[in-house]
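One structure, as structure tokens, below. Some questions next.
A, B, C, D and E are the chain letters, set down in written order, and residue numbers restart from 1 in every chain.
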Amino acid sequence: MTPVSTFAYSAASNLLTLTWALPLASAAALALFPRQRVSAIRRFALAANTLNLILVAVLTVLFFKSPPVPNTSSGGTETMLAFAADHEWLSVLNVHYLIGVDAISITLMLLAAVILFSGTLASWTIGAPGGTGKVAALASSENGAKEFFILLQILAAGVFGCFISFDLFTFFVFNELTLIPTYLLIALFGSGRREYAAMKLTLILMGGSALIFLGIFGLYFESGIHSFSILELSQVRFHPDFQGWAFPVLFLGFGILGNMFPFHIWSPDGHASAPTAVSMLLAGVHMKLGAYGCLRIAMYLLPEGAGMWMNVFLIPAVVGVVWGGFVAVRQKDLKYMNAYSSVSHCGLVFVGLATLNLIGLRGAVLQMLAHGFITATVFAVIGMIYQRTHTRRIPDMSGLMRSIPFLSVVFVIAGMAALGLPGFAGFAAELNIFLGAFAAAGTLARMGAVLAVLSIIVSAIYILRAVNGVLHGPPKENAAVLSDAVPVEKIALLTLLAAILVLGLWPGPVVHRIDDALMPILNNLKR
Amino acid sequence: MSTPFSTPFLSAFLPDLALLVLALVVLTTEIVFRKHQARWTARVAVAGLAAVLILLAALPLPSGGVAYAGYQVTRSVVVWKQLFALATLATILLSRSYFRNGHSLRGALANPGAFYGLLLFSTTGMFALVSARDLLTFYIGLELATLPLYALTALQPRNAGSIEAGSKYMLMGAFASALSLFGISFLYGAAGSLGFDALAKVASAQPSLSAQPFLLAGVLMLLGSLGFKLAMVPFQMWAPDVYEGAPTAVTAFLSTGSKAAAVAATTTLFLGPLNLPRIDLGAIFALAAVLSLLAGTLGAMRQSNLRRFIAYSSIAQAGYMLMAFTGGEGSEAAARIALQYNLLVYGTASFALFFVVSLVGRSAPETIPSLRGLSARSPALAALLALSLFSLIGIPPLAGFLGKFLLFAVAARNGHYTLIFIGALAVALSFYYYMRLLKEAYQPVQTAENRGAPASAVPLSPIRLSLAGKCAAALLAILLVVLGTCPGMLNFIASR
Amino acid sequence: MRDVLFYLLCAVMLGFAVIAVTSRNLFRAVLAFAGVILGTVILFFALGAEMTALAQILVYIGGVMIFVLYAVFLTSGEEVGMPKPSVAKIIFALIVAAIPLSLIAGLALRAGCTFPVAGEALQSPIASLESIGLRLLNPGADGFLVPFELISVLLLAAMVGAIAIATREKEAETADGILTEKQEDAS
Amino acid sequence: MNLAGCLVLSGALFAVGVFGLLTRRNMIAALLSLELTVVAALINFVAFARFGAASATNVAGGDAHAGSIFVFFAVAATAAEMALALALVIALRRRRQSLDITDLDGLHG
Amino acid sequence: MDNPVLLTQEAWSSLQTAAWAVLILPLLSFLVNGLWLGRKHERAAGWTATALLGATLACALHVASGWRSLVLQHPELYPSRTALAWEHVWLNFGGNLSARLGFYLDPASVMMIVVVSAISFLVHFYSIRYMKHERGAGRFFALLSLFTFAMLGLIVSGNLIQTFFFWELVGAASYLLIGFWYTKPAAVAASKKAFVLTRFADAFFLMGVLLTGVNTGSFDFLVVNGPAAAAELNRTLGAGLFAFKLLSVTTVLLYMGAWGKSAMFPFHVWLPDAMEGPTPVSALIHSATMVVAGVYLTARLFPLFAAAEHTLQLVAFTGALTAVFAAAVACTQTDLKRILAFSTLSQLGLMMLALGVSIPTVANGGGGAVTTIANTAGYTAALFHVFTHAFFKSLLFLSAGVIIHAIHSNDLRDAGGLRKKMPWTYISTLAACLALAGLWPFAGFFSKEEILGAALGNGHFTFVAAGLLTGGLTAFYMTRYFVLVFHGSARTHASSAMNADHAGAAHHGPTEPLLMVLPLIVLTVPSVLVGWLGRNAFLKDMLPWTSSATAPVEHLEAHAGFPWMVLVATALALSGIGTGLYLYGRKRWTAGYADDRGPWLYRILRDKLYVDEVYSFLIRKVGSRFVITPADWAERKILNASFDQGGGVLNKLARGLSRYQNGQVQRSVATALLGLVLLLALYFSGSPLPHLFGSLK
């Protein structure tokens, strides 16, 4: 049935299924909790997410210890999966529950697990009576916490499911599974124009998944083998004309989810209105799903299409990088500033993908991880500042360094990381992307590379504007009353900062594994 | 020829006869049970239908199916019949409470015997329609399926809308049946005889459709009449008014049972004898599908009346189902599976929605604002509403997604990629207008102090669910999720 | 000669049809319609379908016409001066009606002539009593036993429906349907 | 007297019927024009039975009787429909005193 | 050229551990102070930091002596006098293109390690007393050690990536240090300005690094400076109008980094504002270490720059321009630290000038394809001046610290008559001023003469004149500075209290606290002797590793015009001092005397040629109006609005549909019929619409 890689069916694949089954189970369990016991609900959710983090960490260690050995029989173009399992789900459509992990997906899962863990911690005051001021009425009433954590767990389950599934149908199901919780979380627990933002976000994402839907059907029917499995489809040579239209459709579909330039309009409103944990998960992980999809499905299965279209997609990517930066400079609201900075950084991911060489692709994957951690930290800090000062507008705040030193120092460090200061994850990723862009042939690629590099200036401007505006300067009169970070929040921030530092200082092992994972995709692109 | 009473006769006819007998019995219950008439009639009807369902499932049927005097019953036909029986069963269960006074602002329903009788007559018509082997049985079946609905729509004397809806429905229906008569006459002209096999022979003999004007005229006019029953775009103008005017139970039956019958009729005809390689009806169906999606979406977007909203959403769902007919050559089996599965799923979701509407409709006018604060009044009902809406939209974990995916798969088989994209966009837009309902349901009720506005008009009385109501809601919810994830039902339908 | 008669018949029928559709007096319209039916009867005889013609007379003239007249008298009152539709509506209706007519006419003229002009001798009687009788009740493959049964069910259903709708609602709400409800609520 | 003639006749009757349906404001008159369209269809059936099915040129084994039998059933079905329609007319009369179709726009939007 | 030889012999293990220690100790001090000591007990933070920096200095000296004995004495083993203490691969880019972290020993880096750790140690020591009453002193010491770690990392790097790695860290540390008093809006603005401007230059520097790496296949200095790399880069890219030589573009981009960090002319605006930071910071960063990093980078890439035709000329030109401009402006400043800042700018200009003049102009005159062999005279002179300048400039800054500490204000107009109050500071500042002016026995004289000698030797007469003019002006403003601070009567200036260095740090201790004076005295010794002692060692050893490729250094004195030029320079210096004494001593001009009376040139110079105003105009008018605002407007009005417009259109269509649905039955029938006919017509008309949804098979 699958001539491709042999699956070492091992107990680990059950662990892999557990990664999304656990959040779902905890969501179900949470449903049984009575509404009033908010602290019990929070603790249970935290326990579930910690367990999940440990589980993913164990899997990562297992993976790094014994990565799947690439079999070079068919020119090394098939992805070797660790902890793989393959059960038939819908025989009518030949849909399989085909799961497995390679370096890219296991690292992204680790990213998701860490952010979920710290997100749960960061939303410790959600639903607490009188918790977060002007937060939606429903959330502040004591029964808000239960729905919040149930939806958060479902969102997490969807994300984990996506990263492990190697069957297009299952991938699409999990991808869509994340839509409802995201909408409800933002619409019910968000702030500001939350309903408008939630609806806009969901509609545009569903527009994107309409394109993906189209692409998946194209792949299924034009491949001749009527299968959804990515492994099998990667061995099929599709007809160039088909690839001519299927690739842009798929790439745009995932691009919309991955915050590509013209279609990024959902992310600023979405993030600004979402509660802290949701914007962390949304910006940190959910957007990476888009770029992951571009890499794994669009480029891996339709390499000739990639060859044809990548120069075209370089333009929106580069424009996105520069555009995100310029717009972020003018933003008054911290969350909008960070949202537009995410647009810029996600544009960098697409620049990395557009280079089509090993360094560029590796840079893109690293940037996904780095930006994931960094933007999650920044959103967490902004959330915590918001809980204290009840405002996110930069002009309204100044001199917070004196009253909340811990948060301010973390904010400075996160800002520096977002800036791309060496020693943090951002620099390692950006270095690879720029190097890949300069190495890519063609004047367009080189011009794109120049613009991308110049973007680090703009990012310096808007980040410093925010950091200086909020933390430095004469403290305002109400500053004295603010309380610094509570231990719960400290743990959340420190885990994220640790991840940023580790990825920044010792990228070696991670990069080595990611290169092995990228090899099949590159061999396909070169064929 | 097989003697009348040998086993094929039994397995072919018995369920239909049983249904007919049940209809007659129900008519006479009025005389037997003087008191509690409504409840007893309902009980008899439900028992009868259960028997019919068992018969359908249990009767041995040779794999090739049984053919008898213009009646052909294959295993897939049995599935159609089971769908119809289920729809009628659900309608009866839903309509039981409407016979009590004060159960709905539109006044109580009159004589239950006639109501259930007509309902069962209509189902008999659907049974005949599906197992027809010639145009005559097909036409009579179609008539029998539709006629009782005119009467049912007009059955609520005290509600002005009911009479108006009934007469509109009747006028449009009569015109459609005249149109189908005209169509069948041309088909008869082209094929020389009424049998489906003759039709198939003549349709495949000629080089192209344009070479056979009669066949084309007949096909189009029949498409028109079926389009009317399906509420397809050019013929959907009646649906909103009739859905609004008719009693809730009848609207439920219209949107599920009658639509299923329309889809079944189109399948037996256009995926049976008329599924011709050169008759590129795929393009027409695709065009109709797109227009239906557009009309359904646009209509539902600004609708505040719950019933008209359901009408437009059913027009959109008809659009999705029409996609299955664009499959072209060799896609009959896949299209049938997709349509049957989707009808089952759409039916479940619709009845869940109607269940909520009927409960809300007791104390408040059936408009979207009256859903406000449903989550506060009864969380279970709000959850059921959410599940049914997400399924109607087609979001994965729930059954709606799988149904729509199968439909799109049939269209994709023939390369209709633009059509799929428009379908998927329609799914996205449908999220917008279905969410308007959910937003109202989960809108925290603006009590006077935190919004300053006068307390909301709708009194905030919690909705109590009777035991039967609770387990019905639970069953529907479980069904929606199970149908979405477990392949069991899909494999069952596919194996037929 | 036959053709002249045929065209005459067509003209008469169309005339009656137009009157049925445009006359301001409902009664005169109904009678005009009866005229059209008679026209069809003659046509059927001309085409050799005697039985059909008889059925036509029996059902249409006997049943439907009487029924319509009954309804007309029952709803006495404004049937005399029916309001005249607005000119715009007439023009619109003319256009809408003209389109299918032209299509069918075109279709008929183009395809119709492929069929032979009616020769005197008919290969087979198309509606002899004996053949129809046999076909109706023949349970075999080409028989119409099932529709025969179904049509009776259809008529029954129509009757039940008609009665359900048209029964006059007793003011005193004594229709048993409602009365029993009260006791039921009580228990 | 050939097929074309009959078809044109039925087409004309159909057109007049449709015209009546679209212009008549009285419910009964509208039903009447509807009946016209049905009659047109019946003529069609018999015409095809006579010229189409019975003749040899058509595909082998034309079934002439089917046409007239179909007319039998069609007439019966239409009668049933008319019965129901007229019941509706009576109910409408009782409810609204006027049989004007154009007044039936309570449900709209 | 051979790759750097990794020190592997056992004998070197002690040197390697010392090499590790040099880097790890400051990092340790940062971590200890930053995480633990900084908040709890601030006094301990000061002492631990100083102790650790002392240890770093010791290790640096050990490394220097070890390097001298093992590498210098054995030219046969190490022909280019370079060695690699240890190396660790950070990231591998495929092929031999990889980012490595290493400890690279060569004459320049050894000299710089010693200088940086020495000055850093002294500044730490000095800061203990200086920051005694400051809030957040722990944070100050942590950041100071972080800066030292970053600077040392920069110096010892053997490849471009590691240089860029620590280059950015240095920039960040300086941002944090300048903005130490974060409650002062001026300091915050200055720190942001410094970081953004250096970041601007670093972006181009990064581009240069990447271009080099991609085209030459490696980032290591040895490979990059080798002839193969230069040949590799030596091709023209682009066509017609945009044709450019890759080599010259890459080298200019690389020089951009140095341009921004060493604050050459157009990018100098951040340095004077950086004086908002505490004085020890200015002493360490803006005199001896960070600003010199640019010169050090140019020196590192000297052979590559030499290979490109015009790059060195650009270096020389910017150096000269900055030197003259800064010297002129310094004469008109009234702020103590701004004078020293402009003086640093001027001296940096001189160093860049020295590097730039290494190519003998006479060779060009010869016509034809002349291989201009750069001689290393300029290279040696520049590094020698870096060496000497570090000592007396940090001395000047520290003394300024003491002065400010005493008069509680940065303004020259408040100072005066401090001669008797602080004798030690008086003597050390005098020594530093004379050294800076370049009088004979003092360090400044020898290094300045080397520079002018190199320029003269290679025939760059214009640059010689610029050097001489700068020398004269330097003497003048230093004298003005010295006289106004120490002589004359004590004066107070109205606005002095406002921008006092220590906002509100009114403490009265002794005017010349011992702990602060000690470093001054220690620094006076090298400012006097280092020139005379170090001259021979520098001339002999301080050569770029590809010395064999460049012409042998003939001793500068041998050049004909050299003695004359020395005389002229000394005469100019003396005349500068004379005019200074005359104007400010005899005629009692106050610091601001010439503000309103002086000629228009004086006023322009006082406002620093309005370069700041030009920048703010560029940013505010051009940048925000033509870039930021349109981007923001487009984002809101076009992109976001497109979504809402779409919704609007759909709503209008929906309203139209519901109006069409007016409930009339006849309309329904008509629509049905017309719809059916339309379907038929569309199907047969062959219009694209039905087939649009047809199959794309």
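A few comments on the model shown:
In this text, a contact is a pair of C-beta atoms (placed from the backbone, for glycine too) under 8 Å apart; a residue touches a chain by one contact, two chains touch by 3 or more.
In this text, all values refer to a predicted model and were calculated from it rather than measured experimentally.
Separation of subunit C from subunit D in touch steps, taking the shortest path, is 1.
Shared contact partners of subunit A and subunit D, listed by label: B, E. Top contact pair of chains, counted by C-beta pairs, is C-D. When each chain is reduced to the average of its Cα atoms, E sits farthest from subunit C. When chain centres are taken as C-alpha averages, the shortest distance to the whole-protein C-alpha average belongs to A.
Centroid analysis (C-alpha atoms only) places E farthest from subunit D. Centre-to-centre separation of subunit C and subunit E, using mean CA positions: 101 Å. With centres set at the average Cα position, the gap from subunit A to subunit E is 37 Å. Taking each chain's centre as the mean of its C-alpha atoms, subunit A lies 42 Å from subunit B. Averaged C-alpha coordinates give centres for subunit A and subunit C that are 68 Å from one another. Chain contacts: subunit C has residues 89, 92-93, 96, 100, 103-104, 107, 142, 144, 147, 151, 154, 157-158, 161-163, 165 touching two or more partner chains. In subunit B, the residues that reach two or more other chains under the touch definition are 136, 140, 143, 147, 150-151, 154, 157, 166-168, 171, 175, 195, 240-241, 415, 417, 429.
Counting partner chains per residue, subunit A has residues 203 touching two or more of them. Shown are all chain pairs that touch, namely A-B, A-E, B-C, B-D, B-E, C-D, C-E, D-E. Contact residues on subunit C toward subunit E in their complex (touch as defined above): 89, 92-93, 96, 99-100, 103.
Partner subunit B is touched in their complex by these residues of subunit A: 89-93, 136-138, 141, 169, 172-174, 176-177, 179-180, 183-184, 187-188, 195, 199, 202-203, 206-207, 209-211, 213-214, 217-218, 220-221.
Those residues of subunit B that touch subunit D in the shared complex are 134-136, 139-140, 143, 147, 150-151, 154, 157, 160-161, 163-168, 170-171, 173-175, 177-179, 181-182, 184-186, 188-189, 191-195, 198, 201-202, 205, 240-241, 244-245, 305, 308. Only residues 18, 21-22, 101-102, 104-109 of subunit D touch subunit E when the two sit together in their complex. Taken together, the subunit B residues at the contact with subunit A in this complex read 337, 390, 395-397, 401-402, 405-406, 408-409, 412-413, 415, 417, 420-421, 424-425, 427-429, 431-432, 435, 439, 442, 444, 450, 487, 490-491, 494.
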